[in-house]
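Right, I'll just put the structure down here and ask away after.
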């Protein structure tokens, strides 16, 4: 075998703490290595060119590149190797950047370690063999989970691109947070005016199947051929009959139900259509508060419904759909401010959340766009906004910045001054994060044109004032620029509560087999280069489910994800990864252990003519985990590219040198 | 922090999806770490054969660390649970072949947990430093031969696919076949306890 | 002679060892303070401070030792724990204030002499009697602070309600001697001990205590 | 009436220095209430000063040793749980016990193991430091070990009509990591206990604001300013009395009332009883067991006014903290 080795400097990234020339020199001594060199940037054009040229000129059978993480550039180099006529699996990488150069400054030890890693890669490569991918049919349909603005945008883009879309939304209507907003920064245009038409498009698009009030129960399969089970929760109303006329809402006697769409600032009925622009505009009964379900009496809605749509016996339904790709767009939830005892912990009615304030500002909201104090309905003259509530706060385990609250606070302060011209608006902030296009200008307008008072400091405490203005709240904070403690008597306090991942995001991620961070936000495949992909091929991300983002960023990512899905499913067939399990039939004793162990059901038992059995791998189903290899008592099933021999070769490569070192 | 004297010989088997990414993240964040650990990338911690670990320890490694995805966060759904079951049994088995069980550790690190990886490596390396070098056992070579015989491969033997794999070498002596332990109900309960503990 | 005013030189005026020392003594991650001002906002003593708490934290971060140790604020902090309870970075701010006070003593600062006198009088009362002898403490403090009449009006109501005991309630057993021994070991501890810097404080601060605590028995009884 | 439990809850009792003098009534009423509610108190033998605030402002090891000696005294008579009425003693004892449990730390600079807090404390004590003993407040014992329901059941003379502002003081619940009792921002233990006694509890926003603590002597001006705020807020809330759980708060708000009033230019005449005194009254204990005569601002007028108010049919809602009602 003829092996070539290239050691990358990565500019100074590696070369600063690893002697790359020495590594290359050492590699020349390894068995089968006929050529070794170092290069400033292996992944650059000249770098790749050198690799290709060397393969051709020296007739190499395999190549090792010692550089960054294979998670970064493995694909790049495999392509280069392939261009030079080698099989792309005759290539190994040694990670001497992330795992060596960047974690220690000890040049001597780093160099030794790099040499070891290259030795391991060479030894493994000596057992590599060419692999070829098989191709398989794909489902030209996409599953989109969550129908906020991101899910809606992705659904429309995919549908326009010619894909069938299965859109799953757990609430009764699509729209997400954006459907609750009044105006949006930085343009201050009406949120529903922008979103509404898109929602209607979703409702009417022939390629989009909408499952509202539904959740994904199970996802199986693999890229190109997923199968998803969707639980459709029963609305106790036959949606094929309901016309959304609203007659039932008028008459329902259970009227004290917390209105989720209005963030609890008003009440609604047990049978309900969340808002006039809802899609689908259908009624649903909340059985936990409906008198018929809780007390066994009533039944008014059934009597009143002109379409005869109410059916108390309707049950949940589980439907199965086949799709080729998945986009997760489950968005965000908000920090629960009742955890903040210093801000009243929910005890003061006039301390509200930013989203409650949006509902109040909204002309279609419960106060018809009039700002009123929840305690007494009075119009507030002094409104205090507090930024970073439940964000950038380690004491509540929310160390991250929620990204858009600075901006919506500026927006809400402006709108406050618009709605009540003789009002005063104060914003307590730590830093203003206004990095989008036109954002900084927007915040400056709030300060300069709208005379919003920005106070740099956190608020330590809110308490009710007593005495003559006894119905106000005293906000006690700091103005760190003044170096002083400050107090303001406020009529209304609005908390810019931080963003959290959607409830149940972690559980969903587990179903989708994607990773999520400590806060439940889904993990992208690479933070810079693969921001919409996940590590599970065929599953993509859009919107605030990946990290808190505002509408423009959510929509951009949604369109990007749609583009990725369209590209993926534009082919009629996909190539499967050939790094899968293979059975060496002659060794197999037909015990069936691998079949029972494989988590994907990728192994079948095949009967031979003599009646004995042998295992067989279904290539398109096998995911390449290698669990079966370890299970097999005779090691008859091996994972290509990660065979026992290859992994042991790596172990041996290390142990042998150690032996030499200690014995010398 | 580091004993500047000798370098210890530590092997890490890391799952490609989680821990390998976590180790990358630790590098990207420039978290300084002990240098001894050499990482072998595997697709899933479920791919780690207890045999690899035993082999590494008997061939001169001072410690072996296996790191996979958090429970329920496995890229392959449940590979890490298989791994846990097998490796937990391996841990109990190690003293039988004369290896201090402290030389082997199994941990969870996700791709976003660079600092957790740093802590894990540092802690494990410290532990190995405390245990000192792996004693060279007279028995080791013999045990090793036996193990290799059972596996049907040895470092000297070429790839089983290419070689004359005509002679199936069933491992009658299933000393290391951890799955067979599952037949033993008492052990199974023990293993379950271990799993539920997390 | 006064040096002419000039900007803070962030390289030369900075004492990085100061931040490290405060961090070590307090066990707090001082670099994580992002100057939100929550501590200042919640501290009821802020109006009395010459430097608000968050700026004290900043002085430590920057390493401006003299300014941090010479300020009055660290003597006026009552350890009410409001700041510690609310710091979004989980910094035990009250402990940092405590540690700065220890270091200020060591450096010989006492910009609030009465506070120091009170503390010293209190501890010498404990050292002497095993428990605080309130009447004696009041008397000693009144004398040393130079405000002998400040609390004179409280004497009568206390006496009539039996709240003022003119003799110390000393522990019944060996306690008094043990406490005295704790104080004397505190004073002489340090030789060969490893936390030498702390021992330095200990020795010095104890000297303060001792100095404050040598009233004649007469003064103590006369109030 | 709560029948004494089979084995009555028993605690080592650490009175604290103030309770032998300026706060003698707190000591007396605490003992009386505990006895009445079946809590057995065994005095920590030969107890000495816990060090209080002055000790920790000088040195943490000194403070630790002074407190640890008392925990040790309790442990030596076989008690791990020490109870004390005074929050300042509580903080000192809990801090010591907390730090004594810490392992040796490594010095990040030198890499050497620094002696643990325990080692250093033991050097000052010249004895082994206590191993387990920890402290809880009498308030916590009454609310958690006896329980509010049991207290309510034992009440014989409800304080109907008495409007009280519960004032916890700054360190009864803070810092939460150390005190591990109740909510640090809006504690309710005292509220619940007083409601069980039949009093009307007002929503008092300054439950945990500092009163000026020990600054009465060295910086009278600061103490005056802060205590005046507390009195003013209680008056604005319509309280008849501020109920306290700390001898220092009581001294500032009651004994030093003339000084505070003089500074504020007010004439607040609101009594400031210890919660154990009110609890004792509700339990029907004799006044002299509670030391009511030791209060500078007398309690009787407030009690009388409350009685009159309770007699009016309208105001019979004697109980439970008010919810959500901004005080007016």
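Just so it is clear, A, B, C and D label the chains in written order, and each chain counts residues from 1 on its own.
Rule of thumb we're sticking to: a contact is a pair of C-beta atoms (placed from the backbone, for glycine too) under 8 Å apart; a residue touches a chain by one contact, two chains touch by 3 or more.
Bear in mind that the values here come from a model prediction, so they are computed numbers and not experimental data.
> Between C-D and A-C, which chain pair is linked by the larger number of C-beta contacts?
C-D
> Between subunit C and subunit D, what is the gap in Å from one C-alpha centre to the other?
Measuring from centre to centre gives 23 Å for this pair.
> Could you grab the centroid distance between subunit A and subunit C? Build each centroid from C-alpha atoms only and quote it in angstrom.
About 51 Å separates the centre of subunit A from that of subunit C.
> Quick one: subunit A and subunit B, Cα centre-to-centre, how many Å?
From the centre of subunit A to the centre of subunit B is 31 Å.
> Using CA atom averages as chain centres, what separation in Å is found between subunit B and subunit D?
About 56 Å, centre to centre.
> Among the residues of subunit A, which are close enough to touch at least two other chains?
Residues 342 of subunit A each touch two or more of the other chains.
> Considering subunit D alone, which of its residues make contact with at least two other chains?
184-185
> Any chance you could list the residues of subunit C touching two or more other chains?
As it turns out, subunit C has residues touching two or more other chains at 47, 82.
> How is the touch graph of the chains shaped: line, ring, star, complete or other?
other
> Name, in rising order, each residue of subunit D that touches subunit A in their complex.
183-186, 203, 205-206, 233, 236-237, 323-324, 326-328
> Spell out the residues on subunit A that touch subunit D in their complex, using ranges where they run on.
These residues of subunit A touch subunit D: 340-342, 345, 347-350, 375, 463-464, 466-467, 470-471, 473.
> Which residues, counting only subunit C, touch subunit A once they are in their complex?
Its residues touching subunit A are 32, 34-43, 46-47, 51-52, 54-55, 82, 86-90.
> For subunit B, which residues are in contact with subunit A within the complex?
Result: residues 7, 9, 11, 16-18, 20-21, 23-24, 26-28, 30-35, 38-44, 46-52, 55-56, 59-61, 69, 72-79, 82, 86, 110-113, 118, 151-153, 155, 157-162, 165-166, 168-171, 174, 177-180 of subunit B touch subunit A.
> Going by the contact rule set out above, which residues of subunit A touch subunit B in the complex?
Subunit A residues touching subunit B: 69-72, 95, 97-106, 109-110, 112-113, 116-117, 120, 127, 129, 509-510, 513, 515-518, 523, 535-536, 579, 582, 584, 586-587, 589, 593, 597, 599-600, 623-627, 629-631, 633-636, 638-639, 642-652, 654-655, 658-659, 662.
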